[in-house]
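Chain IDs A, B, C, D, E, F and G follow the sequence of writing; residue 1 opens each chain.
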């Protein structure tokens, strides 16, 4: 029930942000729409702790800035490689075991890897990640577990 | 502006020819459809252009009509997109059924199978 | 103030454009499917992000900025998911990755 | 300056299309298509600025959404040969 | 019955007959009864028109418009009435003959045969009474189509091939030339109405007149002007009553009738007489006469010989009309009638021979006159008419044609007529000679007498008609003199 | 009150009928609705025609937005005439469809058939009445998409392939059209056809206008199956359900030809297209090629539906030949043939549908002796064939007459012989059927098929009656066509 | 799509947002016509996305076939209904101005319902087409 109510609230906020109009009509329609979507989402069974990870709101404020920094750094690295006439790459596949417990955590971890240029999560399982890296140093970076630890911390803030 | 106009003109032409080429050159029915979609995409760019050339909005008749201006390019593009999607979807649906019926989605193979069928079984 | 805003947004847009093109070049240059994905993510992340940021600076605090942010968030969520799915599908359909040191010899050029 | 951005995007688009044409695997093309989607989204936003028409931003969002759905659909088709296949999916359960 | 009603009845009666025949298809006697009754009443209805038309009336009727400005209309004028009288009169004889022939030879699809026959008569009357070129064209094409099932009656491969030639030639000429000629006429004259004195006076140049005439003459394929004559010999595969229909009652007569009609009522005899651009027509007609006669001379198959004789005789009509003199035009009209009666007699005889003796070749006919005296006597009368000897209708018509040629000092035409008369005698008299003066071959162990009675009655009747037309030539002359305003 | 809204209801009624049928999902009710919608179409078309005859032009502003700002429905003598053809064929085919669809389409898809049928009719009607260039494209795609579905409902798997090929080529055509419209929009800033026409003279010889013309002509030609862009047509007509073949053959290409006329005469203007550009010669050459090549191809087909399909391509050549003269008579010829051929081909495809209904296919090598088993059907086919040939007394003759007339009138003497020469080829393919059906002994295959279906024959009979009626008394059609030609030649007023 | 954990999670997050975005476009569409098309496409895309990730049978349970067809049909009828209402109230077809005493309000009202009709139709058509070809199975893969 709480999850449903907070879903409606979140969606309504989303509506207001999109709309930018505050006429009674549009607000009413927005609220109605939020209700309708939650109802349909409920039928779809997508409003659960995965589909509506409201609990991770605060943690994101810590994790995301770090991630953005990482993305920027790696993007620059990859850029240098692309523009290097010799194209100095050493494609590598690495396997390692993630420490996250929830699917949201695993997904966040996998997406973070993929978002970071130079690494892509290929297989994402509870017990093993398979990552394709553009360079060996990138591969080592993933394996080092820094990101894994941060994602797990982010996940556990719930 | 003109630079962009020309650019979009050239891209239109490129997409047009590329799409048409794929439709003609490819034997796989799905690939043909993809070519067709590319071909249709060229139209969207074309319709973005007029709004700039004519000054953005359609003419306004009188006060009565100030609230809404009529056919805007993006409405036209949207319509074209909807038509394009519907065509693509119908095309894919057909390909799926063709695959079921012929066991292949390669044009040559399908035609060959029809010929075989005609030769082996004159009744069909 | 407005000059500063303009300059910043200029810079961001240009940088975004630069990274986009880099991604495009990488997509052409890289030797196999998987390495090309790395190039594409430059476009998806820094390229797109900086460009959107540039437009946000230009738009100031407005509805437009909110929408640009949404485009950003969309790319932020959707792009890695799609990339991952691509990689996974490629791997399971047997697209072999090129592995090991692939550096081009300068003598080749 | 938006013209410059648009030109950069169009240049990238040309490069990406080159990859789409070169292939060689269907996944390369899907990748290119996905990137085209991102670029188109951006281009629409830029054009919105160029022409002073914020509706294009909505269009950009739509394009981004459809791009995701499209890419996943293509992958599913080539992976399972059928878009409706449930796979061995664990169906979400009703709470 | 008013004249207009008579026209309508004359057009509808054969169609109604066809319907009755179809309904009575399962009862042969009733079916043939309907055929005969229709034929007789048709002739009677057409005959009611004679007094008025002979007195100078031109009854007509118009319906809707076939094309804007061109009505679906009918007008009875002398030539058309003469043609209608011949067609409906000979239909009676032909029906009588058909009954014997079709039953005697156990032909298939007899109902279809009688239906199409009635349809052909309807089309023929339409051609005869048509008030304008388009109405005529409509019935002309209808006649082609409705006779197709008759030509291909036997359904064999030969019949199918003959049908192809038949349709091919007739449709090709009519569509390619006749239709275009009509369109040009329409554009030039603004009307297609058959009008005494023609409708093209001064509306086209000399060369255009010549070209248009060519389109008409070659477009009217039913007149069998060479080189578009092949359909006629090809159609010999059909049963003899059909041959009679083609050669005497309807089809070729419709052709030459149309030729005369076009020359008289579209071009106008006086308008084109003396034009250099129409000189070629007598030449082509003359060539057809001689060439066809030579082919006939060499043909052993009796029906083939008769067919080429028809080709030759038709061109008499064309030649006569093309001489563009009043006398020759009268001759042309009379020759349509004369040839019809004579040729139908010959075909009836040929069919009787086939039915009774199963013989088809001239060389098989030795002594047959003794076994089939009625038939071969009638045949001899037909031959006299073909050659143009008294006391037959052929003499009258040939006389007029020759007089026309002689008076206008067209010596080539005179020569053609004289030579062809000799040739005709050359290919027909030997048959008569064989039949009566050669002994029956010893090998012939197939004793037979005359053909079935209805056939003999029919051929004797037409032979008698051929002779009667010599003695009562005034009757048709009263009509056709009006053609040239005399 | 309703009568003033007929122009829009003409489109809306079938458009609404389609979703109604989908909502109800019952084949029987679907058929009833489709029939009702078609009958309404016919009624409305006749009412509109009569009205147009009085007032000249009807203009209806959708949503009361005055043109050129709103979408305008604009009906003059030309499209009013076409509406009658559409209504007539739609109503007759709807009658025919009940039995035919029950035999050829699986039960669970029948309601879909009727829905698509109504949608297709709505699309075709929309193209015909709209005065808005972009709307032409939209309605064209509505009709095309529904046609693809309708064709794919054919029982043979080749129907799927035919539908696919049609989809590819049809979409290319549509895209060309929308590019052409876009270019016109680019240079004139308007989508209203009349408005475009009035602004065009200022920019006439510019590159975009010429490009627009080229794109439009090629695109429409593809949709109209103008030789040599007819590749999609034979297979589509041969494998679609019979009712669909009949309906499309009689209407779809005709509507495309109409829109070609509309663009050429009412938008670009005859003086520009035929005076300044070599359009007349190009069209003439292509028409002649169609008349001869396609007719010759028809002779060598084994599937009789393909014979008819190739014949359609040839007959379309007749229509465009008439157009290429760009004279009153020439246009009259083209337009009257548009009607006459529509009615004739509709009847023929319906009759072949009866053959298919009983034999399972319409292959000439398996139709030997058919006339014995199906005398009425075969007689009907022969009658329709005679109209294709253009024998006097059939509607086809009237068209041919005017074609020859137009040729002679404009001094193209040699051209006068072309339509008639091509109809001799028609004799050949019609007579192939005659010889097969009437001269061969019935095969056991033919003899085994004995099901009489009045429900199929009667509707075909209606169209055949029209063929003969308009052959003998063509005043109605010729006058209407002449008025249509006049209003097209008047250009922009 | 088995094992596509990432997609599943992303889908669960995005689908409600997509749906809401679709409705947003829908109800802000009358500031420029055409909103119904986009909205319909987006909502349909969200459901199609759901079907692709979680399987067609699951999606069919949520949005059954009959519902899709009903939607599709109802949308067109709604659109046409507004048009006919214009006629009934004495105006032309699709005449918004007569839908209320005040033409501007009338126009608002007209566009609202018409766009709703378009929205429902487009969503219905997209889903229908998707169901049409997703429900069939390829017999063996190539590529």
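Everything that follows uses one rule, which is that a contact is a pair of C-beta atoms (placed from the backbone, for glycine too) under 8 Å apart; a residue touches a chain by one contact, two chains touch by 3 or more.
Note that this is a predicted model, so its numbers are computed, not measured.
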Set of chains whose contacts include both subunit G and subunit E: F
Far-end chain from subunit B, centres as C-alpha averages: E
Between F-G and E-F, the pair with more C-beta contacts: E-F
Chain of greatest Cα-centre distance to subunit C: E
Chain centre separation (subunit C, subunit E; CA means) in Å: 93
Distance from the mean Cα position of subunit G to that of subunit A, given in whole angstrom: 29
Whole-Å gap separating subunit B and subunit G, where each centre is the average of the chain's CA atoms: 21
Gap in Å, rounded to a whole number, between the CA centres of subunit D and subunit C: 13
Numbers and ranges of subunit E residues touching at least 2 other chains: none
Residues of subunit F touching at least two other chains: none
Where subunit B touches two or more other chains, by residue: 74, 79, 86, 90, 97
Contact footprint of subunit G on subunit D as seen in their complex: 26, 55, 58-59, 61-62, 65-66, 68-69, 72-73, 76, 78-89, 91-92
Subunit F residues within the subunit G interface of the complex: 1-2, 5, 8-9, 12, 15-16, 18-20, 22-23, 25, 60-64
Residue numbers on subunit G that touch subunit B, as the complex places them: 32-34, 37-38, 41, 97, 103-104, 107, 111, 122, 125-126, 129-130, 132-133, 136, 138-139, 142
Residues of subunit C defined as touching subunit D within the complex: 6, 9-10, 13-14, 16-18, 20-21, 23-25, 27-28, 33, 36-37, 40, 43-44, 47-48, 51-52, 54-55, 58, 63-64, 67-68, 70-71, 74-75, 78-79, 81-83, 85-86, 89-90, 92-93, 95
Partner subunit G, residues of subunit C touching it in the complex: 77-78, 80-81, 84-85, 88, 93
